[in-house]
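Labels run A, B, C, D, E and F following the written order; every chain starts at residue 1.
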Amino acid sequence: PALSHVRADGTAHMVDVSGKQPTVREAVAESTLETTADVVALIADGTLPKGDALAVARVAGIMAAKQTSTLIPLCHPLPLSKVTVDFEPDGGTVRVLALVRTTALTGVEMEALTAASVAALTLYDMIKAVDKRAVINGTRVVSKSGGKSGDWTA
Amino acid sequence: PALSHVRADGTAHMVDVSGKQPTVREAVAESTLETTADVVALIADGTLPKGDALAVARVAGIMAAKQTSTLIPLCHPLPLSKVTVDFEPDGGTVRVLALVRTTALTGVEMEALTAASVAALTLYDMIKAVDKRAVINGTRVVSKSGGKSGDWTA
Amino acid sequence: PALSHVRADGTAHMVDVSGKQPTVREAVAESTLETTADVVALIADGTLPKGDALAVARVAGIMAAKQTSTLIPLCHPLPLSKVTVDFEPDGGTVRVLALVRTTALTGVEMEALTAASVAALTLYDMIKAVDKRAVINGTRVVSKSGGKSGDWTA
Amino acid sequence: PALSHVRADGTAHMVDVSGKQPTVREAVAESTLETTADVVALIADGTLPKGDALAVARVAGIMAAKQTSTLIPLCHPLPLSKVTVDFEPDGGTVRVLALVRTTALTGVEMEALTAASVAALTLYDMIKAVDKRAVINGTRVVSKSGGKSGDWTA
Amino acid sequence: PALSHVRADGTAHMVDVSGKQPTVREAVAESTLETTADVVALIADGTLPKGDALAVARVAGIMAAKQTSTLIPLCHPLPLSKVTVDFEPDGGTVRVLALVRTTALTGVEMEALTAASVAALTLYDMIKAVDKRAVINGTRVVSKSGGKSGDWTA
Amino acid sequence: PALSHVRADGTAHMVDVSGKQPTVREAVAESTLETTADVVALIADGTLPKGDALAVARVAGIMAAKQTSTLIPLCHPLPLSKVTVDFEPDGGTVRVLALVRTTALTGVEMEALTAASVAALTLYDMIKAVDKRAVINGTRVVSKSGGKSGDWTA
């Protein structure tokens, strides 16, 4: 692993990326809400107390991707060129998939993870009146491309 | 479950809490980063490339709690009166525990979940140079107290 | 009109509301997007290039209401207890109606106006690929209640 | 109209602009506050209860332009290189004109519209103690230049 | 000094204020920009390259007061009920005075300091094209009132 | 001094930088907290009531650098490529040093000053329970490089 960014005193810093080249970079992340089949049906039908959960969570995830560098202290602000958030309901679970693309000096894994996480949290918020035992699992990077380290798939 | 907030047309809205009474409410949420024992050692030693991960993630989680209503579309803005974020390293995992308290018209489960999630994502950001296969699991509410529905523990 | 807040030197300030009593206050505002009947059909069908415009604009309006005091320099931050945003398509127009409620020291007209305006701007953003001559008209307060000045309807 | 961005399922997304070239782009938008001649005199004289309305609204509009991508869910974050906001009082109306320039992959119509709208809303906030029947009309793009679609004037 | 808030492990946290009573609290803070008499004349005349510095800095300071809890990690979000920012030019210096009032569980010293600091930084931004050797000195609390510890003046 | 950006009517605006070339630019700023030697010992030992002050202030400064264009009205949003914040305790003072780098059309003096100021304010917040007479002095640019005007050191 590239530990070249460690400072002499080990303190936190936003690492220098100014020597890198801007290239097209993309990352896909996922996060899965685990609830019950009945609740997933309410999500799919758009009949939850607070309204159409998937549409709200999609917008929340897209907007959160753009807030990544204000949430994650050492992330660089990046000019995102594409963001999508999709949902795959399956039994008692809803899988969230977020894709983020940029042309920038560093990658967008954190942006994709933030989009997926906030979309999942938004689903959580919308179902918590009907299921207070829901859990969000499997938040992780699925694949990324671009940059010096090349393409990668989990 | 209290479905009284459903609108006739099922559209999303920020539900009315103006008839509720302000009471002291508290929620605890957790989220667990799963990586390797070697990486957890780097986290504990504060020798990661980007610096002291636990201190940075703690601040990120506390600040994120205060951003909950700007991230989760239908959350009410609440005057948080206490926020703590703690970490329990154990083998190849780090458990994040977030506690939030308020005196307000509605509960703070989403604030605690947001604090735990963003703290876990910040750890992820700080270790991703040394482990790109990390996963965040078990993001959920552990307990809550206050409000009409009373105390509850998962 | 109550001009008691004028400063001796006429400079801008966030006026003192600390002597007021917290009461339930509500405001309704509207804003109308004027485009063509064909475009309104695309909005209603959810077949615009960028996706389902009404769902996105509703979330945007609700979230904007919560950002009012960060956008309008002299607005007081208020703990909003309810926000709804609705749409009335009619021929070549879509009327946006925003309702905001709080229990606070001052009114929520600006929050309702901001919600209606940002929802209308979001519709504008989603149709501008198919109609670059759209106009937003009639942004105004429709009614308000609560507070010293009592109920009022335009 | 270019409908190439429609997704198969019609859901909302931030469309991909990564294949575009960065060019200098500019947009001018307007919005008009309609009140009374007496109130416009108070605005022009800087004798409103909350202070010098034009200076405050100018700053609010400039700052709002920079917040566009956090307010309008599907807007791309852009590195604005110039923002101006001007006012033309005329009888009982004040016309707001906002100009935004960038060197980026997509246009700045929404940034200009957001600047004009928030400046007009700020004027509204500052006069609402003396005129609660004010209306904001004619919010629209006046002209734009740069990008594939070339120059355009309303 | 009240060290009762120290945690056993010394880690950072947003301390619990939920047991306190909401009372009217006020704080005044100051910050002084030191430049040259010629530059202060340009500030006073409103003839700086970027425009009328005092009006812009006043708005910036008022808006910053409302952002205090998003900037200072362990500050509680508070419902500010009044904010003023004033300037006292004197020779080659401009003194910034910020006053903040709230009815809340804790004091507003940090809000007043943030308002004064950001107003001074805004002046710095507007004069840096004509004086790159300016310094901001004397940022401190001048007085505060309300709360358990009572009134205090520096 | 380059007064070419003055508008005919002297009003504030975000000046046009679109004709400039993107180059690597860097700025270092400083700010000094003046308190007592006893308090500096508590800061260095991490035994303050609210926790480890230096780690919290470092994160606050880094995050504030990224918020500069939302705080200082006429600053351009810039894609920061590196941010560091360091502390030099000395007797009864703590000097804050912030370094910011970008590849952009304009310089980062304000970003460095904002990082240093907010880090110093965060220290102030963490010690104010034990010293209410602290003062922040000497907030200024130490050096900058890149851009048309070349390198400069105070």
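Note that in this section contacts are C-beta pairs under 8 Å (C-beta built on N, C-alpha and C of every residue); 3 or more make two chains touch, one makes a residue touch a chain.
No experiment lies behind these values; they were computed from the predicted model shown.
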| item | value |
| --- | --- |
| Fewest touching-chain hops separating chain A from chain D | 1 |
| Interface residue identity across copies chain C, chain E - same or different by half | different |
| Distance-maximising chain from chain B - centres being C-alpha averages | D |
| Most distant chain from chain C by Cα centroid | F |
| D-F compared against D-E, more contacting pairs | D-F |
| Inter-chain centre distance, chain A versus chain B - centres from mean C-alpha coordinates, in Å | 15 |
| Where chain B and chain D are represented by their mean Cα positions, the distance between them in whole Å | 36 |
| Centroid distance [mean C-alpha coordinates] between chain F and chain A, Å | 30 |
| In chain C, residues with contacts to at least two other chains | 7, 11-13, 15, 52, 55-56, 59-60, 63, 67, 70, 73-74, 77, 79 |
| Touching pairs among all chains present in the structure | A-B, A-C, A-D, A-F, B-C, B-E, B-F, C-D, C-E, D-E, D-F, E-F |
| Sites on chain F touched by chain D in the complex | 7, 11-18, 69-70, 73-74, 76-79, 104-105 |
| Partner chain D, residues of chain C touching it in the complex | 1-7, 10-13, 15, 31, 46-52, 55-56, 59-60, 63-64, 67, 70-75, 109-110, 113-114, 117-118, 120-122, 124-126, 128-130, 132-141, 152, 154 |
| Touching residues (chain side chain A, partner chain D) in the complex | 24, 55, 58-59, 62-63, 65-67, 77, 79-86, 101-103 |
| Chain D residues touching chain E - in the complex, by the definition given at the top | 52, 55-56, 59-60, 63 |
